[in-house]
């Protein structure tokens, strides 16, 4: 594959993925409002379009058309840079996430992954350290939040951003450690390879003879640690202290309005998607699912993407469900929970897993 | 060589005892301390006896055992932890452990009321360890370790009552005087290393035997070496000119005087000369000097002993005198006779000291004989054993002293290094010995008991007075607490039993050396013959000069009546001594005062021991102190060494005073210094690379 | 194909800029950041050399041993040390600020005679 | 060719970031400049085939250490740098010294460039996590454990230092 086709293919893939992602984000907001409405015995949005389906579009137009306020005494450069940083970093993570095997369109075969490359021999080469890149990019994302709060020159914002960055740094540890169990089992940092081991394992030796070889089963503790840490990372309820409306107005984005606020908003939902994708890939076998041989070939090649989307949707649904049911933690409880419960548990999980791996080897 | 006797155990056992008592003894009860000390000494004696029995009677070669790990290795020179058991060291090791054990038993009674009980036994055991190392070593260096170690133990024990100035000073004096001799000994060893490349007895004597040194060739070397060794021996064995420490050493507890300063340690010099006889035999001039020194010591010490009134000092001079005899024996190459006398002397002199200790014990710490008298009936056992010892040392047959002394005198008479003059001096000394010993005997046991006698001439004898006033009653002061002034009393049996055993030995000890002319066969000389046999004789071609030096080649066909005459003369001298003592101190006790006032000058000189201590003080000690004070201390030490150090300090202080300006407290300045330093290092490295 | 010297020059330039930062900046936190910059400069040359020796083993002096990738491991260790240093150093800065109410190193100069 | 262009681009970003670090008077700007330097260094590491090192460069340096710096700056509310007279030694001796040093080293490197040769990515598995892990947990196990102890001690030290005295 020469460099020109590579660039063309990459640009097409990026555009497609970003479009799908942003649409997905938009409709996730719709879904969230709808679902929470139902949970709270309300209707949710119904006026704009059938079932309120055009509501996200209306929201978008509103964001774009609203006046972009730039308060006095803010640190201008950083005030503008912060939301961009947040959104860019959350979108970069998508680049290494694989959605499926390959797809062949008009004689061109390409990997269903922005960073994936089809090699001359037909194999797919992935970035070896996909997982690390996601972790790294997430850790850079902290800057968006921190700088936003600091540059706003407002007490609410500063407190919110301090809370947010402290929370994100703390839970990043538990998040990272919860994944080590997976790494021990699969022996790779490449996301594609981790999925491949699960699919291959399901064929070769399924758990208990019938369960698919997904890592959720041996790593159930790791999975729950991951889930809790991920909720904290994305600042979602029950860990949404940074923006806790009742305490801090809106935390780090108190002073933001219009499109800059929208960027933070989008970044949060993209992060949710990233986390959900990661959970799917690492614990639920990624695009693995039953093969339906009776379908036409194109559909068959799209089927894994369908499974993937289904699993991701499940996690998004879980997010919303939890938001609708659980109250918010207190801040000291949150920190104590992260450092004194999740982190030791994650370490114990690593020790047990590595002992078992060593024993089996 | 056939059997491993674990000889190293013999010295090690007392060391273990010393370690246990020294480290933990403070917490032990006295019974425990003495049990430990006695047990280890007794086992050591038993082991020694077993070892001797195992190799008895031994051949011409010694039984050598070397520990498997080296001690000192430097280049081609090496000194192992080696042990050497031949006839000579057999006698020594038995004497040391046997007499040592008896004195340990005695000490249990004698020291029972003293403070520092555990300390005393720890030192005593330490002394045993070093002494056994000395006699069992198979090379001069290990022997030197023991040599120095017994010096140390002697220092510790002389200064046992370290709170007393006189005791502490006596300890220091003994140590320093010994160091002078040790220095010569060291030089002698260096010469041996330089010449033979080894200090092992085997190697050295073997090389001497192989090389057939004729006196002309090796004259200088052997004479110098022998003189150095001899000078070392004069220090340890208290000979002229280094005898001065021994009388002062009587500051120590009496058992110490018996063990160290009569029976064992002081004989180390004799042992060393006997051990080195191969070297001495090749140095006739050195032998002659040894003989002269021995003779001088014998007569001088005997005369000094005449005037002393302190019972232990009389015995101390007697010891010096008897050691002079042994030196004399060595000087005429009659080593076997010297060792014989060493052995018998160990018995009767230990007995005398212990008896004196018993007397002192009895009269509550008094050491001045003028305050004794009439003790014969009060302490009968002590009286009888001291009587036996006195007769033995006076040289009256058939007691031990007679045989050994007679052998020495006989050898002197015939030897090319001796001759009738030295023999005559020896006989006179024997007479004097008899006189002062019976003087002691009469003064102590006969007449009236006069504990409160006024010592009118105290001013004449400042040292003796000082000894009796301060030094000597150290024992008594501790002792009185237990007994009060309950009058004269016999010592307990734990003290008397060793005395009795030693008395038996003093009587019978000489019978192993009954000379041929009386009908004996002089077993001891034959026993020692394999050792004393000159290696040169063993060679195929003894040089003609050697023959003269060889003690064995003494003409055997001498008429026996000449021998008898010689023996008779010495016995007569002893009886004369007895007679005068009887006359002066029993029959007419007022006579001595009259005589002393007649010859007041001589008497004072003798009483002051010929002013030797004062002379040494004036000739050596004071100039040396002055030199040290003025030149070495004020000049070299304060001027040069301190000056250098202080100058260095002042200089760096000045530099630092300037450089402290760099310490501005500003981090960035510090960083600048670091950066410049880094730049300099890098530039230097680049320059190196370019070059 | 980038010449090794380019990497080394970049490393040296970054290092010298770090030194300048240390010498010229007054804010103690910025000075600390300059130190981190110097560490990074060193790391760059480690990584560059690790790659270089991987392909230029022939240029090793005779007898010299080379563990492949050890440069990367050293970078790892440098990072650990830098992290530890940052933790302790920033804690010190905080306590200095608490007692002296300033971050200017020129005002924190009591450590002298 | 692509390598060279990428190197020049990221190298220039690096140097620009470092210079900006020096020029900015506000510490938070300096900190962000340093983040830029570190991120572009990570990309240069990728050019050198050191993908693991690049990843941990981002995670540890940019993501942890620099966040800590930003945090402290925010916590202490550090303002613009004061202009104080400062150290004469640093200006008079230090700066020329460093310039001379830099010049010497630069001159050496430029002249010696030909002998050194160039750097390329030899094989795709060079610098892979597996290989580094093997080194770390086998050949460098002891140093690795010691550094873990070191960092533990550093954490405790930081806690003790940061604690407010009651």
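Worth a mention:
As written, the chain order gives the labels A, B, C and D, with residue 1 at the start of each chain.
Here, a contact is a pair of C-beta atoms (placed from the backbone, for glycine too) under 8 Å apart; a residue touches a chain by one contact, two chains touch by 3 or more.
Predicted, not measured: the structure shown is a model, and the values here were computed from it.
Annotation of subunit A and subunit C: jointly contacted by D, touch as defined at the top. Once CA atoms are averaged chain by chain and compared with the all-protein CA average, the nearest chain turns out to be C. Across the structure, the highest number of inter-chain C-beta contacts is found for C-D.
Per-chain Cα centroids separate subunit C from subunit D by 6 Å. For the pair subunit B and subunit D, the distance between mean C-alpha positions equals 79 Å. Centre to centre, using the average C-alpha position, subunit A and subunit D are separated by 29 Å.
A straight line joining the Cα centres of subunit A and subunit B is 98 Å long.
Listed for subunit A are no residues, as none touches two or more other chains.
Each of residues 52, 56, 64, 75, 86-87, 90, 94, 98, 101, 105 in subunit D touches at least two other chains. The set of subunit B residues touching two or more other chains comprises 664, 666, 668, 671-672, 675. Across the whole structure, chains are in contact as follows: A-D, B-C, B-D, C-D.
If you check the complex, the residues on subunit C that touch subunit D are 1-10, 12-14, 16-21, 23-27, 29-30, 32-34, 36-37, 40, 43-44, 47-48, 50-52, 54-56, 59, 67-70, 72-73, 75-77, 79-88, 90-95, 97-98, 103-104, 106-107.
Only residues 75, 78, 125, 127-129, 132-133, 135-140, 142-143, 146-147, 149-150, 158, 161-162, 165-166, 169, 172, 189 of subunit A touch subunit D when the two sit together in their complex.
Subunit B makes touch with subunit C in their complex at residues 660, 663-668, 671-672, 675. Residue ranges on subunit B touching subunit D, taken from their complex, read 664, 666, 668-669, 671-673, 675-676, 678-679, 682-683, 686.
Residue ranges of subunit D in contact with subunit B, taken from their complex: 86-90, 93-94, 97-98, 100-101, 104-105, 108.
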